[in-house]
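Every chain is named by a letter (A, B, C, D and E) in the order it is written, and numbering of its residues begins at 1.
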Amino acid sequence: MKASSDVGDESVPVRITLFLKQTPPVPVEAESINPESVTAKDRREIEDLPLWVGNSKERVGDYFRVEVEETEAQQDDDNAPLATLHLVGDLSRFKRLGWGMSRGEMLIRGSVGPHTGAFMRGGTLVIQGQAGDWLGAHMQGGKILVQGSAGNFAGAAYRGYKTGMQGGTIIIRDDAGQMLGARMRRGVIAVGGNCGDFAGFGMAAGTVVVRGAPGLRAGAQMRRGTIILLQPGELLPTFYYDCTYGPLFWRLLYNYLQQEGFALPPDYREMSFKRFSGDANEGGKGEILVCQSLN
Amino acid sequence: MLKIVNGQVYDPINGVRGAVKDICITGGKIVAEEGNKPARPGCDGVEIIDASGLIVMPGGIDIHSHIAGPKVNSGRLLCPEDHYDYFTVATPWQRSSTGYTTPGTFLTGYLYARMGYTTVFEAAAPPLKARHVHEELQDTPLLDTGCYTLMGNNYMVMKVLSDPDGSRRQERLRELVAWLLGSSKGYAVKVVNPGGVENWKWGRDKVDLDTPVPPFDVTPRQILLGLAGAVEELRLLHPVHLHANHIGQPGNYRTTLATMGALAGRRLHLTHLQFHAYEATPKGGFRSAAPQVAGYLNEHPEFTCDVGQIIFGPATTMTADAPLQFSLHRLTGNKWGNCDVEMETGSGVVPLVYRPQSLPNAIQWAIGLELFLLVTNPWQIFLTTDHPNGGPFTAYPQVIRLLMDGDYRRAQMERLHPKVKDYTLLAELDREYTLEEIAIITRAGPARALGLKHKGHLGAGADADVAIYRPQQDKEAMFARPVYVIKGGKIVVRDGQVVDSCYGKRFLVSPPAPNRLPEELEEDFAAFYSISLSNYTVEDAYVARPEVIPCA
Amino acid sequence: MRLNGVTIEDTFAEAFTMYGARVTVTAVNEKWAGHAARAATGFATSIIGCGVEAGIEGPALSSPDGRPGIDCLFFTTSKEDMEKQLLNRIGQAVMTTPTAACYDGLVPDYGRQEQPAARLKIGGKLRFFGDGYQSSKVIDGRRFWRIPVMEGEFLVQEEFTVVKGVGGGNFLILAETAAAALAAAEAAVEAIHAVRGVILPFPGGVVRSGSQVGSRYKFLKASTNVAFCPTLRGIAAQTMLPPGVNAVLEIVIDGLTPEAVAEAMRVGIRAACLEGVRGISAGNYGGRLGKHLFPLRQILQ
Amino acid sequence: MSIHKDVVCTFCSCLCDDLEVEVENNQITRVKSACAIGRNKLLHARSNLARLTAGNKTVSLDEALDIAAGILKQARFPLIYGLSSTTVEAQREAIAIGELIGATIDNPASY
Amino acid sequence: MRHFTRYSTLAKGLFTPRGRQGKKIVVVDVRLTPTARAADYFLQIKPGTDFEVFNALRALIKGLRLGNVDPGTGTVAGVTLTAWQELAQLMQSCRYGVVFFGIGTTMSRGKEMNIELLLTLIRELNRYTRFYAIPMRGHGNVTGINHVLTWQTGYPFAVNFSRGYPRYNPGEFSVVDMLGRREVDAAFIIATDPGAHLPRAAVEHLQKIPTIVLEPHCNLTTPWAQVVIPVAPAGVGAAGTFYRMDNVPLRVKKLVDFPYPSDEEVLRALKERIANA
């Protein structure tokens, strides 16, 4: 009886905000900071969470001012309500923020370093700034929204693994670097700006949408999956032209992207595409859809 | 002095089967008990380990494992994903390292020691890269080690064997084998798919025992018999260590039986026999031929084998059997590394995962256990997983439980592909290993097969390698976490944790033959090797703590 | 109780549990959506002879691809039958229709609290028509199959939701003449069309050959509803026809929920109480047939 | 004068091991079989030697080691880089140092 | 530099008794080099198209057509399709082939992906014949440091110990990237000359932080390094192990005495100083 009422007391929805006090001199690894780890903790406990600053272990409180306030925040699907976590400041030296988070909401008002949201399983991660490399690497679920650009390897796999992103959605409003969605097996990645070379490299399934100019070698080594290029780009000769048509699933995807905050003009929904299948070297069951016309 | 008192001792070589007995250790060796004088702790520098209620065994010996050298390192390089989640953090007595199926050298030493193993043999060293093997063994803590020198596809061996003059052939071969062993600082002669690797390099298919192999047109049978003869003449303590032809292929038990038949009456160690005991089914699959193979072994006490038990989960297959690795790569689509060691051998690496729901994997798993249970004399069969081919050595405690605990074994069988019962007879086998039998297949047996008289037992004069376990119903838990492990008289593991670090010895042999390349071959060496003869031999600098085991 | 001068008998309609599924068919325009929907729900009047009862529910509540769509409802007595029927009907009627696509229409779920009875793999099985060239997309947590066809791609959702619904909701229109019965039935059908979650599986929404349970022949499970056949009023002891009634028509309603069935009955009966109708009754088997009972007078209050 | 046979040239990764090197008074006087670069490297091995300095001042080895140890111990994100032209035996020691000070170790193979 | 004569094109072997004769040498490069002049075939490709080359060769070896490339007049990477077809045929039908690749491939557009694709090509060629790939390593023992790092830590380069155990991530823990991002606060340079071969931004950061150098000779790094500790050069003034680019380990010798200790000795002393401080 007592225990359950305790839990009840602790699980008042709160918003926790971490304000960056000082830029660290060397890279910081901050996988300790995610909605799950701060929920039901008071200010002091949050300040005591560990940070790896270069080769030494320090505290969150050494770099952040922590504010905890009760809010009307909504209940998460899962049993206990999670705190909404806000981070404020230029965190581009902070690695691994939101690493492996599985629920809740994390909003970063500033830029972040590499590995943000890597291995994420659920919840929402919003970055109001630029993201570093390996954004959402090996992601399994949830949603990442970057309002700026992202680095290389967004949604990709770490060295050696066969499979990168396995689920969830990554939306990057501006540009993305190389190896976007490399080796992904499920999920959706949408980029509002340009992307670097090797988008969808070695994909096994999933969908990559690029609105701006694609780099070279999109879809190289892909086995299955879909790359949608809303601006034409040069394709490898191991992609073969099939037909020009308007695949219905694009309308579903369009609606979904719209709903998730990836805005496209209304006429994009009715678009027709040139379909190329490839990479022939890997069996040719993947496809690149290149925007053909706006009806 | 260190004294282990009141432990229940399992020391099969000395016929001790669970008797309560004290073990005295001085200067890294086990010594006879001095009368009944009770040793007092703190006095005379005597340290006492109270082993009341505990099981005391000699340190474990792995007769066949891939822990060091070029292809192991290729495996590590090929699969960083094997390492990310498995690591040790540096402590004052422990280096940091990583890896699950292919742990780094430091971690390899710690993980073996943490199971009570104190001696491990690296199963395949190509002479040209033997320096690399020894460099890694130098960095493998807590273990005494040695390595076997690959000879089954060596050009010089084949060239000598192609000599029509029988007596000259035999003499040259003896000299060559001695020189190869000496140059590579190996302990025994390893033969991998004799002739088959070379044949594959020529783009040809598999060989039978009597298929002539380019470039010298000698047959696998000639290679095998020639090397076995040389090993006998050199009076090496460990016989030819054979990875037979046709590994992993349905129907290969016939080759295995033919190979054993060719050497009947002589000593031979057949390694990872599980992979060589497959009977073909009409549809191209395979069923267990463990009964046929075990039956033959039961009638031929001159042969020993190790099992190569597969373990469900990830493995990294690596072997000098390059053609096997290529076919595994084609079969699984997994990544593949291959290396061709100019005049000597090939090798390949392919990571894979064994799954209980895969029928072939389930059959392989059952065959391994069938061999353990059907070979009646435990002195003929030893525990290995052919690490990391069948799975990591860290699964030995699990295998021990499978052998000792029939209920557990049957429960595990329920996880398997249901059709496995149609292809194996494991379900009908009720034998359970005793602690003494476990002590034989993990320590005493390998020591005897290797000819190491001061290993694998706890009698006076033995090396003070001791593992002390707490008896438990769950044999896996028991063997995974010894209470103490003593290496060379030093406590290195306590409660399953490494508490001290030291480096072990390297076992070498010195066969009675001139340690030089037969003159007739010098010209070939100069013409065809890419290095100078004088730079070939592994220098003494690469073996910090050698121990030369005299030949019989 | 009388309604507009028509006697509402104090009886109940007896209905039973069936499994129901909503399938949304979309196409380039209403015409082709209609072709697909009509073909998919064709010849599905009665479970007795068709294996499924189906009909067009109305314009699609939501069209995932934004094109004109039609919701169809299917009812069967088992989940296995539903799978068989949907596979056949979507495969033969929707996949074959130019431009048509097919989605699980019970998303969002039709106002139900309880868990769906099952999710049937339909697209997940039809996909094999693609001969290895089929591919799938997961969008917003739902998987869709893309099957290459000569005109482009057939898009079909992998899983369709099956819920426990109600089959055999009904009422009988007892009229003075066949013409009056038909006019009343048509009015009822028209009114019921506005109700969501139900279909009237019989031709034009009306059935004249109502049935009784069992038969004197061993090989027949149902036979003509002797009690309401005007030509048998004289010789059949069990006749239930009031005087002056010369024709009876039945409206049969299958619905996703009992509430929807009751609503359909309510608006249907109200609309049917026209000139020339003597009474409204219902198929009542003494409570042996099904667990859903719809007392007419209670529904109309 | 002494002649070293089968000398390994360490200039490039070919490691030609058939060089013949003549040494006189601790000076390499002649190199046979090497390529031009390898020969040059051996012949001039003892010229242009670096000087032991710390902050541009000449120091003793002990002092240099103290300063180096101080720098490395204090560093919070140190880098150990290179190791491409030295022995495995030295490389081992460098890795051990890297582990002690929590460094990142890299070599020219990374780019 | 004796690669041609001692190891590859001119070398005689058991199965190539006639040396250069009986071998086919194909050079693929962006410019006509002396090596290219000595080749049987030279394919001059556009810079940065290595990936396209390997991709096309893979396809041709599998007998696939190339989309958008005209079978008669088309080109890939600036070279005619016909030439690539001939090369594919040659590779497939040879008895034993080796691709030697260098930093032109590893450093041009695509970088490690070029290598991944090349190795895939080599793997696939082994369905038809024996084919191998050997990276042309420049520095004497870069292979050795890759090996020793791998057997000790599990990874060949870009190994980070900041959390007390080895972690690996090229791009994150590789020298050019770390220095370029100005993350490093002290550097220890051993037996290499970053001043000569690292990009300018990286060198500039090195010049701003305490840098310690172990090096026998004056080079482009020693003038500005904070601490310079001269050592005896390996293979001249110190013995030890080197790994050849094809992974063969050799023991290098000490030929003459140097006024300085070896790297090994300096490093061991430094290690002890750090451990015991």
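In this text, contacts are C-beta pairs under 8 Å (C-beta built on N, C-alpha and C of every residue); 3 or more make two chains touch, one makes a residue touch a chain.
This structure is a prediction, so every number in the text was calculated from the model and none was measured.
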| item | value |
| --- | --- |
| Where subunit C and subunit D overlap in contact partners, by chain label | A |
| Most central chain, judged by mean C-alpha position against the global CA mean | A |
| Most distant chain from subunit C by Cα centroid | D |
| Chains linked by the largest number of contacting C-beta pairs | D-E |
| Centre-of-Cα separation between subunit E and subunit C, whole angstrom | 72 |
| Subunit B and subunit D: spacing of chain centres that average the CA atoms, whole Å | 38 |
| Separation of mean Cα positions, subunit D and subunit A [Å, integer] | 45 |
| Centre-of-Cα separation between subunit E and subunit B, whole angstrom | 35 |
| For subunit B, residues contacting two or more additional chains | 80, 82, 84, 90, 95-96, 135, 139, 531, 535 |
| Overlap residues in subunit A, where contacts from two or more other chains coincide | 25-27, 54-55, 158-159 |
| Contacts with two or more other chains, residues of subunit D listed in rising order | 8, 17-18, 75-78, 88, 92, 96, 99-103 |
| Pairs of chains satisfying the touch condition | A-B, A-C, A-D, A-E, B-D, B-E, D-E |
| Contact set on subunit E toward subunit B in their complex | 6-7, 11-15, 95-96, 123, 126-130, 132, 146-148, 150-156, 161, 163-168, 239, 241, 243, 247-251 |
| Footprint of subunit E on subunit B - complex, ascending | 68, 70, 72-73, 76-77, 80, 82-84, 87-90, 95-99, 102-106, 128-129, 131-132, 135-136, 139, 155, 201-203, 215, 326, 329-330, 336, 338-340, 343, 524, 527-528, 530-531, 535, 539, 541 |
| Parts of subunit D lying in touch with subunit B, wherever the complex brings them together | 5-6, 8, 17-18, 88, 92, 96, 99-100 |
| Contact set on subunit B toward subunit A in their complex | 78-82, 84 |
| Residues of subunit A touching subunit E in the complex | 25-27, 29, 52, 54-55, 93, 114, 133-134, 152-153, 158-159, 179, 197-198, 201, 216-217, 220-221, 235-241, 276, 278, 280-281 |
